[in-house]
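Chain naming follows the written order as A, B, C and D, and within any one chain the residues start at number 1.
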Amino acid sequence: MTQHNGHTGQERIGVYVCHCGSNIAGTIDVEAVALWAAEHLNHRGVVVARDYKFMCSSLGQELIEKDIQELGLTRVVVAACSPHLHEQTFRIACQRAGLNPYLCELVSIREQASWVHTDKKAATEKAKAIISGGVERVVWHAPLEPLRVPIHPATLVVGGGIAGIQAALEIADAGFPVYLVEREPSIGGHMAQFDKTFPTMDCAACILTPRMVSVGTHPNITLLTWSEVMEVQGYVGNFTVTIRKKARYIKEDLCTGCGICQEKCPKKVIDEVFEAGLGYRKAVYTPFPQAVPKYPVIDRENCTYFQKGTCRACEKLCPTEAIDFEQTDELLTVQVGNIILATGFDILDARRIGQYGYGRLANVFTSLEFERLSNAAGPTNGQIVLRDGVTQPQTVGIIHCAGSRDRNFNNYCSAICCMQSLKFAHLVRERTGATVYNFYIDIRTTAKAYDEFYQRVLDDGAILIRGRVAEVTDAARLPGEEGKLIIQVEDTLAGKQRRIPVDMVVLSVGLEPRHDAKEVAHRFGISCSADGWIIEKHPKLDPVATMTEGVFVAGCAQGPKDIPSTVAQGAAAAARVLARIQQHEIALEPVRASVDESKCSGCRICNGLCPFNAIIFHEDRMVTEINPALCQGCGTCVAACPAGAISGTVFSNEQVLAQIEGLLLDVARRAPAPEPAPV
Amino acid sequence: MSDSFEPILIGFTCNWCSYRAADLAGTARVKYPPNIRLLRLMCSGRLDPTFVLKALASGADGVLITGCHPGECHYLEQNYKALRRYLLLRRMLAQMGIEPERVKLVWASAAEGVKLAQEITDMVEEIRALGPLNWPQRHNGAAPHADEKAVKEGTA
Amino acid sequence: MTEQQNLPAHQAASPPPFVPGSFLKEVMDATPGDSRLQMCIQCGTCGGSCPSAADMDHTPRQIFAMIRADMREAVLRSNTPWYCVSCYYCTVRCPQEVHITDVMYTLKRMAIREKLYDDSTAPDFSQTFIGYIENFGRSFEFGLATRHNLRHRPLQLPSMVPFGLGMLTKGRMDLTPQRIEKIEQLQAILNRAIELEAT
Amino acid sequence: MNKYLFYPGCSLQRTARPYMDSLLAIREMIGLELEEIEDWNCCGATEYVAVHHVAAYALVGRNLALAARQVNGTHTVMAACSACYLNLAKTDSYMRQDAHLAQQVNTALDAGGLHYTPGTVKVRHLLDIIVNDLGIEAVRAKVVRPLKGLRVAPYYGCMIARPDRDNRWDNVEHPLALDRLLKALGAEVIDFPMKTHCCGGHMTQINQASAYELIRRLIHGAAEYHADIMVTLCPMCQLNLDAYQAEMNRYFRTDYHVPIIYFTQLMGLAFGLEAEALGLGKEFVDPRPALSRIGIELPAAEPETVTVGEQPRRKKKDSGLPMPRMPGSKEADE
């Protein structure tokens, strides 16, 4: 550690250069940078510059605090990682030492220099420029107080799968109101479709339905199924959410859920959602017997009365007169302080993988179809049979990674398919005794008790073949292949191409973001990654928050994951929300615009620029005013004001212009010969 | 390093998308040339054209403006305002005799670290090909090579 | 040169120091575009898709592992590239979008140049075929079939007679080759190209 | 009339003369105007690139450069042979992607006073043009002799759909363009699982055992599905499957008899043209029994509605579970 004292300027600035172990120091000569700052920036007010192994450690922070107190620092510049990581850390350190936290500036020489450049000399020079920019900028910082926003105690949870159920219950159990919105007629999500859950093989319904019932009966939960969020306004602490409650054509107060209408409805439809296209439902239906709520919905598109004007069988036979064909969609508006998105996933459309023949070859099934096939409450009552509905397969091939880890489809690993495929192998062995082949690229069984399950499936007698299946065909070529589906694959461990005739093929298709994920994310003011999953605030340290304050994400909406992780995220998001609610308010960055009325010429150029309606024009005085409660701090009006009457905190014109000058410190005096690096 | 021209660029980034894309490029160790120095704004809508002129006048050879993709602005629609200002700015630069290609606007979401790095790499090469700007010299008497071509392109 | 090539100078003697991965680089450099060969995840989709896999001494996947292992001679002696029928199944199915068929062409060219492939049938067929192109600008099936079969399968030639006669009587084969007008122009182009390859 | 630059390729001059004849015969009827590229040379098939690298691309580059000089109203080059199509398209695409290769090719072309700027012409296959430019409806409108009752195996082979660098085809594993076209002719098109498998390419010249096995797979597949005839769009596929079918039968002691004809010939028949004008009769495996079965030479006697028999293994039973819905399956059945 080195220390250099410079002379005193108007402000007394301390510069702290972090090594971040070797993350920064490996590429940037941090000692030279600190030395340079003390020497060359002292005329700008730098009185001390230090480098230290880990500035964010308690010792590093103490260093800053000590200097503030002993050297009377009035400004602090820390050159380390991204402000999105440690800005708060150093602000709090300043505050502890009695300096207003907003007089601290964190500049990023790790993400913006050491990690992205290989030329050490150039990276070191760039780090100097970045620090110079920070020093120029910090001079113009003003002491500020955070904005305090009250938190509305209610929470909106979007999506009634296991993630949303978990989150809703945690918050409701803590005594706060929850609105749970689900677009299907029942909560339960994908988990309700499954028969067994790995690795313990508990029955999915047995562990899920009690929670569904709790949601349905919880006094703190307002359950809105067959509903969708249409619009979200406002900001953390106080969102106004508009929800469309689609017409069910059932009077919920009268319906007892007896099921007579479903029994009597003459119209049978393939159930593409809950039964994954493998079973049927009626035009009036609950997706499954344990549905929550118990009220059915009438599917307008398929209802004979709605389409042809006659029938009304359900109405005639309903014992409580609960059918109401006149119902219309309702729009509800609710106030909430926080939002949890748990919108789940879709599965990849297996028809896209032409070489596996799904949709063309009858006995190729998707994983979701297989879940329904093996589910005791499914279309075959749990009989694992071929598409003809009766024949038990003698041999089954299960194909892992169908459409995952493949640049032609989804480049990512879907995380659950290995275990899911092994679960299928176990079920087939257990229920039919059929020969089972699993075709895999790699077996990824990384969570608790997962690898033990893999071994159990091996012990069950499943045959595992390492090789990604090339094609599934019904074109028989060799004896024994007639009438079978043939799986052609390179057995990579044997180094030979093999053709394996089977009766049934199950594709472990990958998980995909919901088809409308981007649209939904946009509605909530957050964004999706290139793959389409919702982006979390930090992939490791803040996995359930998003970049928009007050909007959290849980479960597969954020990326493929298994049930344990999904439940953990649902609970984690709830914990984050509860912490907020219990503090009653939240401190926000005081980045706001304000108008200096004495400078405002009343030109009204700024008036049309604010999408949040924070700009008000006073006709009487011919001046503009900004409502700080509505202003979000984007700064567009600041940039537009020709009179310079609008200023924005934290990003004032002075701060930005000074930073530009600082960043170009070396360029302004660019000499023909390169400056020798300070030693 | 040889004594060939090494351009210096200033990059304006949006707090919600491109600044995070730069963070992501760092975390993922994506490499780009060290010729750019980034500066954070809350939104590309905050970009006062004066900032660009200030950067060029202070010795930068080019300016890269980055913001959220159309339709994805954290403040709903302010990036469109940035786009409008950018188009005007290019026109103005052309009239001042500065190649409008020295200023470029690109969209980069928080997920597009690789894209941002590629845009930076491309732009550094483009500015290298254009040569140094030398704003002060140009404006101190020497005939600014304001030509019709530059004016035309600025209006495009 | 990039920094990745900072390799320990562990061999002081005369043969050039062995550089791990150099054969992979050599193959990739000799393949047009970005072949993405370094991205192979050894999943076997290529070997599973290949219509000729049964005849190959190594599956394409194994060849790629051998390339990574710098087994240069074994790779160039392998019959694998010569059984490639250019059906491109492997290429379109490869989850890493490796340009497998193009890599096979590269290996054929390397093997021909270094005369490493023992069975000369396939290389000779290619050489005979291109000989006609270089002389006439068009391919010539009759000449090709007779010359090639005479050299490699003289005993089977009688069995090919019905085929050849059939082709001739059905007007589907000529006894004389066609020649393009500007054959000199084509030859100049090809000669220049071959010179470029040598450099 | 849609105009295209035409690259016939060596095969259409010789071994695939019937392909050329039938194409020329139907050309006017479907509104196709062709302008042959002057003094084109061989594309090198799959052989040139096995020996030379730059020269292989320069060989094709000469054709592209000649075509570019003839660009006048159209910049689309049409090839009917799949290997020619792929070589032309691939060279253009690699020259676009690989600046070094493009520069080398142009240095070579310069020796012949030629130059080619990648992307100047767009290379497409005849089938692509008929289905996507001229349209299935235009074809259907010309049908005077629907091929009712003729069970046809649509065979695409490899190189028309793979590698599909410019995303021209709906599905590289199971394309439907030819199926739809043949259905428009009134034929009964089987869902041929081997439709994009390999015919063996040059293997007939190199290793007969391997080649015959690949031929057997295809012929066996078509016979399994009771195809009367197999339809192809590539000279190499036609040659291998037709001319070597007898040899293959001898080798495996089998007795397959699957005639292989070009799709353009079948179009001509449906359009009412004479067999001779379409180059029919030059096959090794005689297609006449199959054609006469649907009374193709007899002018009248519209066959009765033929029961469109479900394929053997695709039968649906009442107890059965629903099949996944296939997008566009309706359209494909038209």
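Everything below uses one rule, namely that a contact is a pair of C-beta atoms (placed from the backbone, for glycine too) under 8 Å apart; a residue touches a chain by one contact, two chains touch by 3 or more.
Bear in mind the structure is a predicted one, so any value in this text is a computation, not a measurement.
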Highest-count interface - the chain pair sharing the most C-beta contacts: C-D
Rounded Å distance between subunit B and subunit C, as computed from the means of their C-alpha atoms: 47
Distance from subunit D to subunit C - Cα centre to Cα centre, in angstrom: 25
Where subunit B and subunit D are represented by their mean Cα positions, the distance between them in whole Å: 51
Where subunit B touches two or more other chains at once, by residue number: none
Contacts with two or more other chains, residues of subunit A listed in rising order: 118, 355, 471
Per-residue multi-chain contacts in subunit D, two or more chains: 172-173, 217
Listing of all chain pairs that touch each other, if any do: A-B, A-C, A-D, C-D
Residue ranges of subunit A in contact with subunit C within the complex: 118, 355, 401, 405-408, 441, 466-471, 488-492, 495-497
In the complex with subunit B, residue positions of subunit A that touch it: 82-84, 108, 110-113, 115-119, 121-123, 125-126, 129-130, 133, 522, 525, 527-530, 535, 547-548, 591, 609, 611-612, 632-636, 638-640, 648, 650-651, 653, 656-657, 659-661, 663-664, 667-668, 670, 674
Complex interface listing, subunit D residues touching subunit A: 171-174, 191, 193-194, 217, 220-221, 224, 313-314, 316-317, 319-327
Touch list for subunit C against partner subunit D, complex: 30, 32-34, 51-52, 55, 82-83, 85-89, 91-92, 99, 101, 105-106, 108-109, 112, 121-123, 125-127, 129-130, 132-133, 137-139, 141, 144-145, 148, 156, 159, 162-163, 166-167, 170-174, 178, 180-182, 185-186, 188-194, 196-197
Contact footprint of subunit A on subunit B as seen in their complex: 1, 8, 10, 16-17, 19-20, 22-23, 25-27, 29-34, 37-43, 45-51, 54-55, 58-60, 68, 71-72, 74-78, 81, 85, 109-112, 117
